[in-house]
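I'd like to ask some things about the structure below.
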Amino acid sequence: MTLAALAPQIVDLARQCHARGWMLGTSGNISSVLQRDPLRLAITGSGVHKGALTPGDILEIGRDGKVVGGSGRPSTEASLHLAVAGSRGSGAVLHTHSIWSTIISDGVTGDGLSIEGYEMLKGLAGVATHEHREWLPIVENTQDWAAAAPKVEELLARHPDVHGFLVRRHGLYTWGRDLDEARRHVETLEFLFEVIGRKRGIGWQQ
Amino acid sequence: MTLAALAPQIVDLARQCHARGWMLGTSGNISSVLQRDPLRLAITGSGVHKGALTPGDILEIGRDGKVVGGSGRPSTEASLHLAVAGSRGSGAVLHTHSIWSTIISDGVTGDGLSIEGYEMLKGLAGVATHEHREWLPIVENTQDWAAAAPKVEELLARHPDVHGFLVRRHGLYTWGRDLDEARRHVETLEFLFEVIGRKRGIGWQQ
Amino acid sequence: MTLAALAPQIVDLARQCHARGWMLGTSGNISSVLQRDPLRLAITGSGVHKGALTPGDILEIGRDGKVVGGSGRPSTEASLHLAVAGSRGSGAVLHTHSIWSTIISDGVTGDGLSIEGYEMLKGLAGVATHEHREWLPIVENTQDWAAAAPKVEELLARHPDVHGFLVRRHGLYTWGRDLDEARRHVETLEFLFEVIGRKRGIGWQQ
Amino acid sequence: MTLAALAPQIVDLARQCHARGWMLGTSGNISSVLQRDPLRLAITGSGVHKGALTPGDILEIGRDGKVVGGSGRPSTEASLHLAVAGSRGSGAVLHTHSIWSTIISDGVTGDGLSIEGYEMLKGLAGVATHEHREWLPIVENTQDWAAAAPKVEELLARHPDVHGFLVRRHGLYTWGRDLDEARRHVETLEFLFEVIGRKRGIGWQQ
């Protein structure tokens, strides 16, 4: 894949996420693997409004996070994208910063969230039944992802089955073999967060 | 009706449902009767994103669920569509997988949900007054619809007046004489689920 | 105004209301005065989907509710539109059937709802300050509006200052000197219903 | 900048805000600085529907609030826009009148709202960490902004770090160096109001 081919797909997906309120302000970011060896990512630039993104706002970065194509600064969370793409072998990483992922990651105490018994879980790759129990780690928020990224890689290595993780009061990271699968995972998990949050609001616990 | 004529209508309806958040990820599915004898359905393929559906993603299947036109795999829930179309004589079946149908089907205990006294009930075929009491069976979720479909047919035979049913933690099935009527039933029932859920959230019981 | 000139405006407004979820299924209706003496209304036909409305679905009716232009059946609630247009001298009447107007008209006991102290009240014609107290009558629902319409006219005569009324578990009627003002009243009142409902949901009473 | 260049940008932003339900009815307004010395603002006219705004509805006003370009009446809140643009040196001011800013400004007692610990706070200019504590003054509503504007200027002078303020039961004022930054601040703050309101609704306090 070339940056020129991927950039319009990333832009289109960012606009969809912005329209649903999952990437308001300049929040949220998207990356997709351009090549594996050495690793190269196409990634949304830092501080860009996701509803007004253009292909020129998508950068190419190397494994060390340095820009090798396009102009601008990559997201400060690029190291998280690189950690996921490197350790998971995924083709695309999505970070949404939605109302419900913010609330759920805040209100749930402990180091993770378990979701069980919903048909929607089958939207996650490899999950064939609603009887599945999905566990999402919750990572504490930081402003130093360069330092924290290795710990996230370690966490992902210890839990090879997870499809995403939450960052406390910050949102969701999920991924897939390509942008389409990553989008499916976003829609699946955001749906489940909203169900869980709203159920609690009407006094029905999970 | 030919597959070529129905497919664009199904695609258009799927996009509308996706936009409202009723068919996120690859959830939800739609079928419409192509011919009655022997029964042939146009139906959305399995694992396709409903916001990016194209007419080529719509298949033609026979009464036994085998694909006889188009390419791809039909939904694993095709047997439910066939059961409804066969036993109800309806022209179209819609399955939405919305936030509120998931919540309501989960929180309501017992084998069904009664809704009574709302003007919106008149959106259901044959209902002429808000004083109507509509009952929706709640069917337990399963991954073996081929085995469960006959029980659903039996249930529908015992309750000839129902306009839809809920699958626990999974969503709504409803139908109509054509796609337009099925859409009207979806909008009517989804509205009522949201009213009931939100009322409970503010401490007003039905 | 001619039916040909008004019909596209009504269609456009109906689509906006459908998009916001205020006219789902075939619910909601819109009328606009074509001439005053004798009274002639352009009005949405009965049982038409508001998201797929076309100018051909708009009818012309006389003071007695009979169709004098266009083809189809007028809404069974046409007598309410005629009552409002006749007694208020308004140029347009809108009936929305939203989630929040349904919930509020259901949960509030007594014969009306008072709203006071919100800046948004200034969206109502003639209201110049947030210190205004608006009162909306709540009318019991019926399927015989021909019989009930005179009572609504009486109610409106007794309360010349009201800008709309609620029908229990059914929705909102409001009006304005033209379609633009009626739309402003709908947006204003629907906003206030949602604020009141959501405040109650988080334990903040009005 | 000329009025002709800015007007279409203001119109576009107003439509976006109307679509999200932040400027229903004729509520909300937007201004942008045309020149600094003497101060000239492009500002939305009074009583105009934000979903149907056209460039002709945008006026040019001077420091005294008088119209010097375009036709129509400026918003009665023009003096607030002038106070902010004058004292803050900002290039654009946005006032949204959303459900959540109305609710939060109403339910929170005292003279302001503190928000702390959310990643989304980084959407505010100059905020580099989620550990930031943002304080938004809550100003009592009035119909005499000409009289109240100097007090708001005083308040802003005493609190040079604030990025916006709430008007009780009325909504949010925020600003930025240009329309893009002001929009980013609106999306950031409206997101946070919704998070805080919904968390309270499910029993999770901030």
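Just so it is clear, A, B, C and D label the chains in written order, and each chain counts residues from 1 on its own.
Here, a contact is a pair of C-beta atoms (placed from the backbone, for glycine too) under 8 Å apart; a residue touches a chain by one contact, two chains touch by 3 or more.
A quick note: this is a predicted structure, and the numbers were derived from the prediction, not measured.
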item	value
Chains contacting each of chain C and chain D, listed by label	none
Same-site or different-site touching of chain A by its copy chain B, using the half cut	different
Chain A-chain B separation of Cα centroids, rounded to whole Å	31
Distance from the mean Cα position of chain D to that of chain B, given in whole angstrom	44
Multi-chain contact sites of chain A, meaning residues that touch two or more partners	198, 201
All pairs of touching chains, each written as two labels joined by a dash	A-B, A-D, B-C, C-D
Of all residues in chain A, those that touch chain B in their complex	16, 117-120, 123, 128-130, 180, 183-185, 187-188, 190-191, 194-195, 198-199, 201-204
For the chain C and chain B complex, residues of the former touching the latter	21, 24-27, 49, 51-52, 97, 99, 102-103, 106-107, 141, 143, 167, 169-171, 197-198, 200-201
